[in-house]
Structure formats: structure tokens, C-alpha cells
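First, the structure itself, so that you have it in front of you.
Which chain is which? They are A, B, C, D, E and F, in the order written, and residues in each are numbered from 1.
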Amino acid sequence: MTNQCGIFVGRFNPFHNGHLQATKQILAQGDELIVAIGSTQESHTFQNPFTAGERILMIHNSLIEANLPLSKIIITSVPDIHRYSIWVKHLKSYCPPFTYAITNNELTKRLFFEAGVTVKPIGPFNRSELNGTRIRKLMLEGNQWKELVPLAVTKIIESIDGISRIRSISDSKIKC
Amino acid sequence: MTNQCGIFVGRFNPFHNGHLQATKQILAQGDELIVAIGSTQESHTFQNPFTAGERILMIHNSLIEANLPLSKIIITSVPDIHRYSIWVKHLKSYCPPFTYAITNNELTKRLFFEAGVTVKPIGPFNRSELNGTRIRKLMLEGNQWKELVPLAVTKIIESIDGISRIRSISDSKIKC
Amino acid sequence: MTNQCGIFVGRFNPFHNGHLQATKQILAQGDELIVAIGSTQESHTFQNPFTAGERILMIHNSLIEANLPLSKIIITSVPDIHRYSIWVKHLKSYCPPFTYAITNNELTKRLFFEAGVTVKPIGPFNRSELNGTRIRKLMLEGNQWKELVPLAVTKIIESIDGISRIRSISDSKIKC
Amino acid sequence: MTNQCGIFVGRFNPFHNGHLQATKQILAQGDELIVAIGSTQESHTFQNPFTAGERILMIHNSLIEANLPLSKIIITSVPDIHRYSIWVKHLKSYCPPFTYAITNNELTKRLFFEAGVTVKPIGPFNRSELNGTRIRKLMLEGNQWKELVPLAVTKIIESIDGISRIRSISDSKIKC
Amino acid sequence: MTNQCGIFVGRFNPFHNGHLQATKQILAQGDELIVAIGSTQESHTFQNPFTAGERILMIHNSLIEANLPLSKIIITSVPDIHRYSIWVKHLKSYCPPFTYAITNNELTKRLFFEAGVTVKPIGPFNRSELNGTRIRKLMLEGNQWKELVPLAVTKIIESIDGISRIRSISDSKIKC
Amino acid sequence: MTNQCGIFVGRFNPFHNGHLQATKQILAQGDELIVAIGSTQESHTFQNPFTAGERILMIHNSLIEANLPLSKIIITSVPDIHRYSIWVKHLKSYCPPFTYAITNNELTKRLFFEAGVTVKPIGPFNRSELNGTRIRKLMLEGNQWKELVPLAVTKIIESIDGISRIRSISDSKIKC
């Protein structure tokens, strides 16, 4: 990759239309993009119901569906290290070089700031409507969620019976 | 082991009369049984006050006290892996082969289901009375708990001054 | 070290005047002291905003500022092991030998008791005023906190812009 | 368990006739016994070809086959902690209480000695013939090994096609 | 992804012409492909000199350079779990679904076989010439290696001064 | 600490006269010093026979014995992270800020170089005579080693019967 390259860090549970809009906006600026999936060691929890593999496929297939140039986008998976002080360096080791980070989260901003990385806000989309927690709650409660995610994501969630999974997770809690 | 073999997964903090009844019922069907103790790396918390060794001894001594055939039962200890997606496989690596699992927990059921393992419900006992959380609360508050567990369990808890331990745990919290 | 040596376990986020008073009292008795910093793998959380290195420096500089005899004090750093049953042994492996422990925490007392270590209470200081959680809240809310910690600690927190860090932490939460 | 209780620590890859003889000797003295399987997180290596579950079953079935009193023997599984200084304490947390340890290994002896645990040598059997490394080499090279292990062990190794597994392990090495 | 999808597991230190040929052959069959990079937590060793991020970029850029259809290929990163018995399940959690695996390694074959996954050999290329260990030795000793890897890989290794890195690694060894 | 501050990274098994000379030289330049002990999670191996606590005490007592100014020296303990790419950042989180590093090791130099940290060589002492591996071999073989370490170190090694420990370690190998 050359020129400007942003890194967009999220957990993408699931990848939704807001993520897709932000991705399009960055590419529209002529930049390249790393989509870095965090907490990839986790799945089957309400916070992270989907496996790393399922989330990678959601993103890959959504990019194809949206006809975006795959040569300009790299999807990476970054397991948690549970050490904020070294998290940016950990992230860097799992990703190709980037020139700026994209986030609206205050702590993430702080960590990038302490590490000397430029931060840009995520491009404008309706965050009260398009956010992972809300979408997972809609799934849980049997409400409409499909219009909030790319069709490719809907297909994957259906193929793994993801709604049933989310309901099992919420009914109980075990240690594993 | 041959024929049908069930796996009964729990944390057994402590092993109580409900666990014992379920064990008897499975053996009465002619099946063999693996009693798999989970979260064995943990102790001295309200959720898991007892060490793996203490829990193993509780079960071993209760089985002898109840005159159950030890040749048909294997007790195993399974530390947490903190990865639901691979937990069933992790469990399998720590246990002899089994043909079905026994649980009432929705998430555990889901994980076994996704891994293709048959699940059976735990045999009928009074779960509102016989459950670990309730028994630990009775211990904590100085109420009657001894009639809810095998005598062998009472003896072990007394020998380690377990009630004092549970009270220390609840009064405070440190990181370790 | 010879004679009596106490171990004072804390997280020291930050090292405050109460910690300093307790330290002085132990030295005044003629004992030597190990100041063992716990949870050193953690930072940038509300519970543990400062890195191990920052906390070590706070203590080192406060001891110098207070003119205490450095030859009688050893500062050690002890990462969490997340296993209460072996925590005292883990602590011992990271520290020189000690003859007693200083703590007011019930669970810590219990763990030292089960391991056969004598426990003494922390010397009298005003714990409702001088405690880490309260001090971090004052920092967060923009209230007066500087008179509660040694001047050396104030200088370090200012040099790392620690108040901004605590505010970023509280505004958001990411997984790392 | 009451009275004297020994702990016999090994990796039992596989459980062989020497292990069985040592077990019999301890029971013959009237003692109880904990058979503690170490390195249970590992399998499919030349050092530890068998899973924890496979090793537990080998021991359980061998004890039954030899008509030994299961009420006097507890089999436990102890994953590695990779910290020698706290290993004895770690072992204790995974096992019921014991009064002495059985080992011929110099380092294990040293760790028990530093932890104040009495050590006894393993009862006399032909260690140049009966040792795990030699038996695994015989398996690898297609030589006679079955007379060196209990019949129950032979059956389990055959049922999992264990000889093929050992050969695959030795031909190659991957990281996992 | 639909239809047949192979998974090609390697450490890709570096991605070389043999890997590229194998990739082309699988795509030529009409299959889709997951390129799964293993041991991604490791770098700066002779076995794994490059970080995950560097290896991802080598593969991504080589695929573009070779004009291969990115929509049919997913690059994933899989950290070691150090547990062979559950490694295939771990791999699956980090990757989209696949229908067969591609490897020549005996142990990997065995693990896939025990997990019920079909294995195909890597398409014919000159493995005595094109293998990672040999290429790293050539780099170390100052011999010709550039013709053995895609041009894109050469560029990345030069941009990170990778040859100097490999020489530093080989001259010494520290613990980290 | 102010002005120039070096960090001297080693495993200090044991702290020997070469380490002491290097320490003196740095202080003589007017700089402050962090003595960072690595691999502190390890002990009872031939590479790292001593616990973190034992090594800290060796250094603390040697500095006192040599009459060095304790206010200018901070001893820190840094467990391994097994990730070279982030090791410098990990080190920084466990230590107060430093302005340069002191090492002769090629890989350590490389890691500091990639992280942008200035490296200085360790001050001249006879490294073929004064090095940890050689000293441990002398201990093992019953040869003269005491003149190679500070008297304070000799006293600690004798008090823990360290020579016997090293011999037990070398005679055998277990997994823990």
C-alpha cells in the first residue's frame, strides 16, 4: 500500500451499514484502508456473538456486494492482549503500516494519541441507529434488523442460525 | 468405558444433593458417567470458593458414601479456556470419550449443539432449592445448608474452614 | 535484609499520603519494608490508570522526597496471576523474603492466613479520605486531589497529563 | 482420604507396567494414592502423544483391570504452569491433600524439598526397560511394546490408532 | 464463498514463488481459497522473522501483482494456541468455512484427519528449492534469494531492512 | 529522575562483578540508571536458576555494599511477553522513562533500533570471564565462583543453598 492508509478498528459484531458507509467514504478520499477486527479470540457472548471467521466473511462479502476495490482494502484480525499500554504496538504488529486511525471512541483516541498516531473521526452516519449493541438487541428481541446490515451479512447470519445463537447466549451464562 | 457414557459438566461449588441425585439416575439407566469439573483454575471467589482438589475430593468421597460403583464414574478437571467457540473440543481433550452431555444451561446446550453432541436434561430434582448459588448464600448468611449436601461434603468444608473462607471472599475484593 | 521485614501490598494508583504514612510507621518500628505493587500488567483503566513504571517512579520519588532510607525499602512489581489459591506463593517468587504482611483487606488477610503468613493492619490514617478510588474520582471530577498525595506524585501525574488520561478512560470502554 | 496419602506425579504417556507396580506397592503399604497426570494441556507431541482424556482412561481402566480398590485412588489432571517456583503450590490446588510425594526425578525432588514436602523414591521396577521414552520409541520403530503396558492401555492405544499418531508426530513438526 | 473452498495453512516467512504457484493452481481448479497465516504472534526469530502485518502485506501485494481475483481469496491470521488436540477447531474459529485443507506436512495431515477434514497435497513445485528455511538461510548468508519470491515481497523486505533483521536475530538470542 | 537515564537490561542470574562495574561506570558519568531484570517469571532452570525476588535482593544488597547512591538507581522486574515485535513497548510499560539503553546483544540492539531507542555498549569489563553462563557452570562443577560476584550475592546464594538447586536442575528436567 502507498500514500495515505487509514485503519478502522472495530469488533464488527456484525458489520453494519454504518461501517460500510465509513469504508466507502475513506476510499472515496483516495485512501487505502485496513479494517482491523478486534477481540477475535471471542465469540458466543452478547458483546461478540460471532467468530473471527464469521466476521471476516461478513466484511469480505459485503465489500464484494458493494463493488468496492478489494485491492485497496485489507481485513485483519487482532486478538485482545488485555494491556492498554501496549495495545497500539500490538495492533501494529498484526497489521500492515497505516498513516492514521479512524475512531470515535475516547479511550482508543487516547491510546493512539499517547502512541503518536493521528486520529480521524468516523465519517458521519446515524450512530444512534447504526450501532452494534442496538442491532444485537433488535436480533435478540425479534425486531427488524436486516435493513441495518448489508444483504451479505444477513445471509451469513441466517446460514449459521445466528439469531438462535444470540438468544442462547442471553438466556444463560457459563464459564469456559 | 463402553456403551453409553454421559458427561455431566458443572463447577460443583459445592457438590450437592441435586448433583448426587442426577448421578444416581444416570447410573440407574445403566450408563457410565464422566463428572467434569469446570473452572478448575479458579478458587476463593464467591462463584468458585473451592479449589479443584477440594471439589474432586468432595465428589470422590460423596460417591463412596453413596455406595456408587466407582468403576463406572470418572471425575475430570477442566480449566477454563475463555473461548466458547472451541470449548467443546477443549472439554473433549480433557475427558475420555462420551456419547451425550447432560445440562440444563442454554448456552452450554448451544455449544454442544453446534459441535454435534446430543444433550439430555439433568434428571428432575428441586433446582430452586438445590443450586450452588443458593447454597453459597446460605453459607454466607449463617443459615442451614448442611442438609442440602452429602455428609462427605460437609466434612470437607468443615476441615478447611470453608465458611470463614466464603465470608472473607464476600467482604472484599482484590486483584490477583 | 535482616530482622523483621514487612510486605505492603497495594496497587498504588496513585501512591498517596496514607501509603506514605504507613511506610513511615513501619520504618519507625525499625523494620524493613517491601512495597509490592500489584496488577502491574494493567494500566489505562479507572481501577489502574497508571503503568507499572509510572507507579514505581511515584513511590521511588516520594520516598526520596520524604527523606526515607532507601536501603531499608525495596519496591517490587507483581503482575496478576488470576489464581487466588497460589497468589501468596506467586507474590513470594517476585519479592525478597518477608516476615509479615500489612493489609486491611479481608480476602488478602485470608490468603495470607491460609498460607501461614502473619498479617498486621495498616497503620492508622484516615482511610475514608485517603483511598485510591476516592482520589481517582476527585481527579475525574476536577476536584482538589493534590493535597492527598506527595508532591513527587503530583509532578509525575502532571508530566504524563494523567488527569486527561483518567477522563478518556471513563468516557468509554474498549476491549484490548 | 485419611492417614497417609502419597502423590505420584508423572505424564503417563502411556501408563505402563512400572507405573502399575509402583501403584500396587503404595496401596500394599496401606496408603492412599493420588495419581497426578502432568502436562495435560499437551498432546500429539513425541513427549506427550496422548490427550489428558486418553491418559485418564488408560489409568482408570488399568486400575480396574488390576482389581485395585478405586476408593483408595484419585486420578487428577494438572496442566503445566511454566513456573517452577510455584509449581508445588499449583499442584496442590489441583489435587486433594497429600502427605508425601513419590518421584525419582532430581528437580521434582528439589521443588518438593523447597516446599517442605517429604519425598519417597518410586518402588523398585526395571526403569531401563520400563520408561515412557523407551516405550514410545519402540512404538515408533515398530518394535514390541505391548508387554510393557497393561492390556487396558493397549486397547485404548489401538482404538485411537495411537501408533499412527506417533509416527505422524515424528515425521514432522508444525507450530500450533 | 460458495462451492469448494480450500485452506492453505503456512507461516509464509516469506510468501515465496512456490506458495504463489500453489495458489494459482487452486484458483485454476475453480475453487476459492483461504490463505491462513499461522504463528502470527511471533516475529523477529529465525523461524518467523516477519510480523503478521508484514506477512499479510506480502501476500496481499503478491496476489495483486499476479493479477489474481481477490474476491476468491481470503487472507487470515491465526495465532498459535499450543494445543495440537484442539488446533483444527481453533483454526476454524479464525477462518471462514472451508471444504478441504492443503498441506504436505505429516502432523498437520494427522490433525486434519483426526478432525475429519479432507486433505489435499500442495500442487507440484520444486520444494527443495522453494522452501522458507532455505530462503531465510540464503538471506542470512548474503546469497541470491530475490528470484525465489514475488517482486512485491522483495519490495517489502527491502522497505523494512529485513535482511539486517534476520542477521541480528541469528547473531544472538534473548528472552522476551 | 531527570537528565540522562540509562536502562540496563539483563537476567542477572546472578548479578556479577561485571554488572556492578557497568553500573558504577554509568553512575560515574552522572547518569541515572534503571536495572531491568528480565525473564522474572522463570526460576529453577539452568538459564534462570534464581527467582525474581532473589535477583532483586542480590542487586539491592550489592548496591548497598558498594556504597552506590540508591536514589539514582531503580530496580525493576520485567516478565517475558514472548513477542519480540512489542517487547520494547512492554519493557517501557514496566519501567520509568529512560533516554538510552545499554546492551551488547545484537537482537536487543535491533529491537531498540526498530523502536527508535538509542543503544550504548556495556562498559568494558572482561566478558569472557564475567558472564552468567560461565559462572553458573563453575557453580555446577564445584569450581571457584565467589570472586566473580559481589559478597552480598554470595551470601544470598548460600542462604538459599543455591548451588544444590543448580545441581538438581541440571540432573533432570520436568515439565511444570
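Rule of thumb we're sticking to: a contact is a pair of C-beta atoms (placed from the backbone, for glycine too) under 8 Å apart; a residue touches a chain by one contact, two chains touch by 3 or more.
This is a predicted model, so every value here is computed, not measured.
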item	value
Neighbouring chains common to chain C and chain E, by label	A, B, D, F
Listed chain pair C-D, B-D or A-B that repeats interface A-C [over half of contact pairs the same by residue number]	A-B
Far-end chain from chain E, centres as C-alpha averages	C
Fraction-based call for chain B against chain A, same above half, different below	different
Whole-Å gap separating chain B and chain E, where each centre is the average of the chain's CA atoms	43
Intercentroid distance (Cα basis), chain D paired with chain A, Å	46
Averaged-CA centre spacing for the pair chain F and chain D, given as whole angstrom	37
Chain centre separation (chain C, chain F; CA means) in Å	25
For chain F, residues contacting two or more additional chains	42-43, 51, 83, 85, 90, 92-93
Pairwise touch network: line, ring, star, complete, or other	other
Contact set on chain D toward chain C in their complex	83, 85-86, 89-90, 92-93
Of chain E, residues touching chain A in the complex	1, 40, 43, 51-54, 56-57, 60-61, 64, 70-71, 74-77, 79, 92-97
Parts of chain F lying in touch with chain E, wherever the complex brings them together	11, 38-39, 42, 47, 80-85, 87, 90, 105-111, 114
Residue numbers on chain C that touch chain A, as the complex places them	41-45, 51, 164-165, 167-169, 171-176
